[in-house]
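Think of it as A, B, C and D in the order they're written, each chain with its own count starting at 1.
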Amino acid sequence: MPLLEIESLNVDYRASRGTVHAVEDASFSLNKGETLGLAGESGSGKSTLGLSIIRLVPYPGVIASGHVRIEGTDILELPESEMQSIRGRKVAYIFQDPMTSLNPVKRIGAHFVELIRTHEPNTSAADALGRAKTILESLGILAERINDYPHQFSGGMRQRIMIGLAITLNPDLVMADEPTTALDVIVQQKILDLLEGLRKVYGMALILISHDLSIILERCDKIIVLYAGQIFEYASSKELHRAPWHPYTQGLLHSIPNIELSDQKLSAIPGSPPDMLSPPKGCRFWPRCPYAMEECRVEEPELIGHEQSHFVRCFLYDKKAGSHIERNREG
Amino acid sequence: MKKTKTKLRSILSTLMPGLSSLSKRGPSGWMVLVGIAIVSSIIVMTAIAPWISPYSPILSRVGPIRAAPSLQFPLGTNQLGQDMLSRILCGGSLMLQVSALSVLICFLIGVPIGLFASYAGGMVDSTTSLVIDAVYAFPGLVIAIAIAAMLGPGVINTALSIAVVYIPSYFRIVRSQVLSIKELTYVEAARAVGAKWYTILFRYVFPNVIPSIVVVVTINFADAVLTAAGLTFIGLGVAKNIPDWGWDLTDGRQYLGSGAWWIITFPGIMIVLLALGFTLIGEGLSEMLNPKLQR
Amino acid sequence: MGLRTYVITRILLTIPTLLLLLSMVFLIMRVLPGDPVALHFEKKAEPAQMDAMRRILGLDKPLWVQYTDYLLGLVDVNYFVSHGYPNFGKSMQTFEEVGGQIFSAFPATLELALYSMVIASVIGILLGVASSKSYNSIPDHLIRGFGTIAYAIPVFFLGIIFQLIFGVYLGWLPTGLRINPRVEPPATITGLYTIDSLLEGNLYKFLESFKALLLPSLTLGIILSGIFIRLTRSNMLETLRLDFVTAARARGLKEGTVTYGYALRNAFLPVLTMMGLQFAMLLGGAILTESTFSWPGLGSYIVQRINFRDYTAIQGAVIMFGLFVTVVSLVVDVLYAYFDPRIRL
Amino acid sequence: MVERVDLAIIALVLIGIIVSGGTMYYAATTLSNVATVSENQTALTDSVADLTDSISDLATITSTLAETVNASIAEIADLKARLAEIEASLAVRETLIVGTTDSVELTLDPAQAYDYFGWNILQQTSETLVSVKPGSATGSDFVGDLAESWNASADLKTWDFNLRQGITFPGGVAFTATDIKYSLDRAIALIPRIPEGAPAGLGYGDIFDTIEVLSTYRVRFHLKISFSPFLGILSARSSAIVDQRYAPIAQINYTAGNPRASTPVAFVGAYTLARWDRVAGRDTEIRLDANPSYWNLASGYPKLKHIIFRFYRDAAALRLAIEAGDVDMAFRHTSPTDVLDLEPNPNLRVWWGTGAQIQYLCFQTKRAPFNDVRVRMAVAAALNRTAVTETVFLGLAKNLYSIIPPGMLGHTEAFKDAGLDANYALTQSLLTQAGYSPSNPLKFDLWYESSGHYPSSADQAVLYEEAIEAAWPGAIQVTLKNADWASYKTNRDTEIMDAFVYGWYPDYVDPDDYAFLYWASWLHLNYSNATQISLYNQARATDNATLRTELYAKIDDMAAEQCSVVPLWVSGAWAVTKPSVYGIYLDITQDMRYWLISK
């Protein structure tokens, strides 16, 4: 049984000006210890997808339909109290901006103690503090700083603390939403390595959410490419790297500088993501797609798969599952 | 509920195009709409009062003294046997005049001072701030009372005494805005290309201040109404031969004990409504204009 | 900058403010039509008598002399030591020491202000939090409605309504005065009846004075709570959307902890400052409340004195009010600095 | 780890909790007391029943019995104690609690006090040589208090008094003629230093010449002028006798700062001032205790041991207080509406009396339009007094057609006889003579005082304006203007008011204290009339009642032709008490004599 199983999940934002389908019919699954990457431009709904896994879609978002199963139990049916006990203990979430994700008026220690004692009520504050110290140590933060306030730490250190908080109760699944975008490049690598290392040590599954495909390619086993709330492509990172199917994925890959290909011409995808309030009819990518065809404008492609490892949402590939022979592009 | 909403919307949109767009702005939009509805209907009522009021509002003994509401006198009569309904219909004009005047004065004085002082900065700014804060840090009503007593009764005098109290809040809001806008890049840019200070002030800064001023104006309207009522309550109202909710409210008090609740209740409600109308507009706007609250 | 230096500088800064206020009032009073001298004579007043009275009141001196005399009086240390309050001069109408009058009236106002502040903050914060939690739902609208209406009611109108309901029809609570006329007021220690009666250990008196205090402070508190609800709500809405709140939820913390420990605790600081700013307004409301409830406080004092053109009394009261407000805002600032770890004093 | 910011919220909530908690606790304790008592008693009866049933567990039962009995006894005793304590603190018996909206203006020194309430308190604590007999209709029949008998010389310039003997000040010092001399000399001596005091106001300087002690119990007054209302002056509070020990001749109260510090409390009155608290220049509590050495104890005065005054801000509050039974008596002022509303109330009793407070309309005769007597008369004729007395005062004030109120000698109906009341025909003809018409309307400002110095003055003004303009629609345009008392007085002195309403309250009950209003210099009406003044002085100089009556009547008649000052109404007087209170005299003197009251 997979650790995480998402089935035809729909998340809507019900704004006063209309409804936005932030996540549309998303289905995938994740096993213990696996790493999954969620790639996509900002506004592609990757964070929403991530948050909906712990049922924290921000107002006015609502999970319209679908199932999110953690170890088989559908968390969308759980009462809030049980949901709370899952958050942080089974599933941990690391946020994009470490500067703002700690309570500015609470000491670092307090964050840990609070977390531990919420989930393990019969731990004494002292023990909890002890555990916090050791974790900080393991993250390379001096234990005596446990009584400092967040604003006294640098961004990198705060992200370490966030990671520390995430792994304190060694959860089965850690989600990291753009964990490094707010940090400068050198720190980024350090943080990612740290995450990697911890993951190996504790054997957690990891979902890495990022707009930066390159990071995901090098860190994740599986990759999901999201566009305008839809899964466009879903494959193992090797597969994807070798043969990206969807024109959008290809576009993304072309925009990554690659040392191996010396004579690579970098190219960005023309145009910009659609207005989610009124997405284009048919395939949502066709306005920007170099291979756009008649049917793309009319009807919406489905996610079709070949083998269990590679799925794509594009008319360039035959509806008949099995053959992944590309149709001649002239046709 | 829904029906009435749509009905109201259609009415308003025919009344004034653009209002309907407000109703799309969620609850805050609706607050503004309702506020506008209340205020405008009161204004209209007061305007047409002379034609629709059944009796002269100041003619005494048109009926028995302190008569309870009846068919002949729907809102009863007061201690002089004047018809309360007529007085309610006409009684708004004074409040409206006073509040409108005081807002005008506040605006004409507070905004320019705020703009210039804070734009000039330095000594000018700090000294004006000191003075303004001195006034601001003080219970406005006391100042209003003192000045009202000094100037003596009268619409303009009352308006003035109220204005003095609220000028500081204009100054402060304008100042805070200007100080932030001053540093914005496009203002910097304008300065860099050598735009004159007044161009910057009025072309670039002022337009950005307006929204927050609008909020203050509406809130000020509400406060002016309340303060005017308060001054009358303390005995600094205008002469008694003009129908005024404030006076009726104040008088009504001494007839409560003998059970004449209608003398005080209706003018009280009217004042609350008027203030409420303005407050709704103000709060709605401020919520709409507050970027932090936009979702 | 250490806390002490901060406080001291703040206090020093209030001096020019107060001086400014004083000078303004000093001038305003003197241009007011109406003459404290004439007010002493109901009918016949020969010029000689008028001059005599003018001399007695010290109004025969040139204005600047009066002003400087007054200022010198204020800083008269010996007087302060002997009387226990600064020398505000003598009332121009009753010839009593203004300082004494003010300090006998001040506790009433303080007590009223204190209780209404507590009521306002408790109502304001609790309802504000509640409505922000249920953003855009029925309870939210109801609470906002309450807040807006509360803000729009003239304070004395609400007071009169309360008197009518609780005083006249139900007869539960007294409609005026600080304590039931049949009860001896408690011995003055703090001047706050509720506290003094407790210090006296006389619960009967406490109950009586508390009953008397209930309606006025409720009136003022409710009016004020309107603003506090709005403040708390908007600040909570802002804070609730910050990352660390979501992060806290993502760590599975109880909703209560998240709301109060995280959101409110951060939203509270700006609310605190605004409360400080609202204090002046509270005192303004207190004036009307006092005259509605026959409350013998500084508010009704100043109104009554303005009618008598009692220059010295009004100057004293103004200084007192100004001092009160500035002290409160100072306390608020210090509290803020103390509570917010990001600000180091 | 306690976070700092917690404290803020906690602190806020805590205060709330403490306060409400305190109340809860108190309520709980009292209630539980009562509850346990009844519980114990039921338990007791039960156990008695058990006793009869079985003797087996007699021991236990007796023990419980003992316990319960003891317990209940203890509880009851406890409750009794509390009750007693409360009662004691209230001292209900022999105490009259008076609610009022008045307050002593400044001091209780006869040489300075010059306000109704101050005088009213002084009247309880001090004595004068003579006073008006309670219930007197005319206010001119005097009885001796400190004086036993008196006689005046023919020219009314020399007055002799034989004093009552055996009267002592509190502390046993005997009262003699020297005290009379001392007290009045003091009052006169202080005039220059207390220019606003009553002696100055009543013109002691112009009346008194010298005071001569003939013997221990005989005193003689030499006057500068022949002065018939001299007994009136002597009955005024400013002529009250003070105790030399407590009222040094040089003492001016306000120099002492605190008026109480220097207020002579030991007079020879029926009551002594036991307590006088002021907050912010307004009385908060006044308590009078019976004077153990009062000269008239023999005849059973004062009837009550204690008089306690409670002070309310306004009539509305006072009405609620008497209605709720917080006070035994409400005097000065419940509004006409309220008093009429309370009259049918079986738990209350309303006492009616004669008023002497008057109001009148003044014309600025210096300039147009009112420099023309016809215009003054026209407006006077347009006034509708009845509308005001009936509508505003609900009939509790009476139309006044003479400056001298009814009951006093010299009172006439002059203005009515001259047809100067709601006589629109006269108004129109007079205005036509003066050249006014709808095409050339008469315009003037009508001023009223708006800070509550006079009762419901705004409502009156509205009615006056209405009546005046109704007299000749279109031809009269009145602009109603108002000012607070301070400004009103300034306006009076600066003579900017065309026409204004003013009031008068007597210092002593005699036409002499009213008639001069027609030409009073301090009204700044620029009106004076030698004939009237000479008539006035003649009336002063004789004690022949019929002659005086004629003289005052003449003055009134001339006034009705001149219309410098137009009398409007005279107040009524009333007090509201609980039915158990009696002995209240509301006569023309306006004095409330508390020593006559019992309950």
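Operating definition for what follows: contacts are C-beta pairs under 8 Å (C-beta built on N, C-alpha and C of every residue); 3 or more make two chains touch, one makes a residue touch a chain.
Source: prediction; values computed, not measured.
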B-D or C-D, whichever has more C-beta pairs in contact: C-D
Most widely separated chain from chain D, with each centre as the mean of CA atoms: A
Chain occupying the middle, per Cα centroid: C
Distance between the centres, which are taken as Cα means, of chain D and chain B, whole angstrom: 43
Averaged-CA centre spacing for the pair chain D and chain C, given as whole angstrom: 34
Between chain A and chain D, centroid-to-centroid distance (C-alpha), Å: 86
Rounded Å distance, chain A centre to chain B centre (Cα mean): 52
Where chain A touches two or more other chains, by residue: 59, 105-106
Shared interface positions of chain C, touching two or more other chains: 32-34, 163, 168, 241, 261, 265, 291, 307, 339-341
Of all residues in chain B, the ones touching two or more other chains: 26, 149, 152, 253, 256-257, 295
Touch list for chain C against partner chain B, complex: 16-18, 20-21, 24-25, 28-29, 31-34, 136, 141, 144, 148-149, 151-157, 160-161, 163-164, 168, 230, 234, 237-238, 241, 280-281, 283-288, 291, 302-303, 306-307, 314, 317-318, 321-322, 325-326, 329
Residues on chain C engaged by chain A in the complex (per definition of touch): 135, 241-244, 246-255, 257, 261-262, 265-266, 339-342
Chain C-facing residues of chain B, complex: 26-27, 31, 130-131, 133-142, 145-147, 149-150, 152, 222, 226, 229-230, 233-234, 249, 253, 256-257, 261, 264, 268, 271-272, 275-276, 279-280, 283, 287, 290, 292-293, 295
Chain C-touching residues of chain D, taken from the complex the two chains share: 3-9, 12-13, 15-16, 19, 22-23, 25-27, 29, 86, 89-90, 97, 99, 105-106, 114, 192-193, 195-196, 200-201, 203, 253-254, 257-259, 278-282, 284-285, 310, 312-314, 317, 320-321, 324, 326-327, 451, 483-487, 489-491, 493, 505, 520-522
Contact set on chain A toward chain C in their complex: 51, 54, 56, 58-59, 80, 84-89, 92-93, 95-97, 100-106, 114-115, 118-119, 149, 151, 162, 165
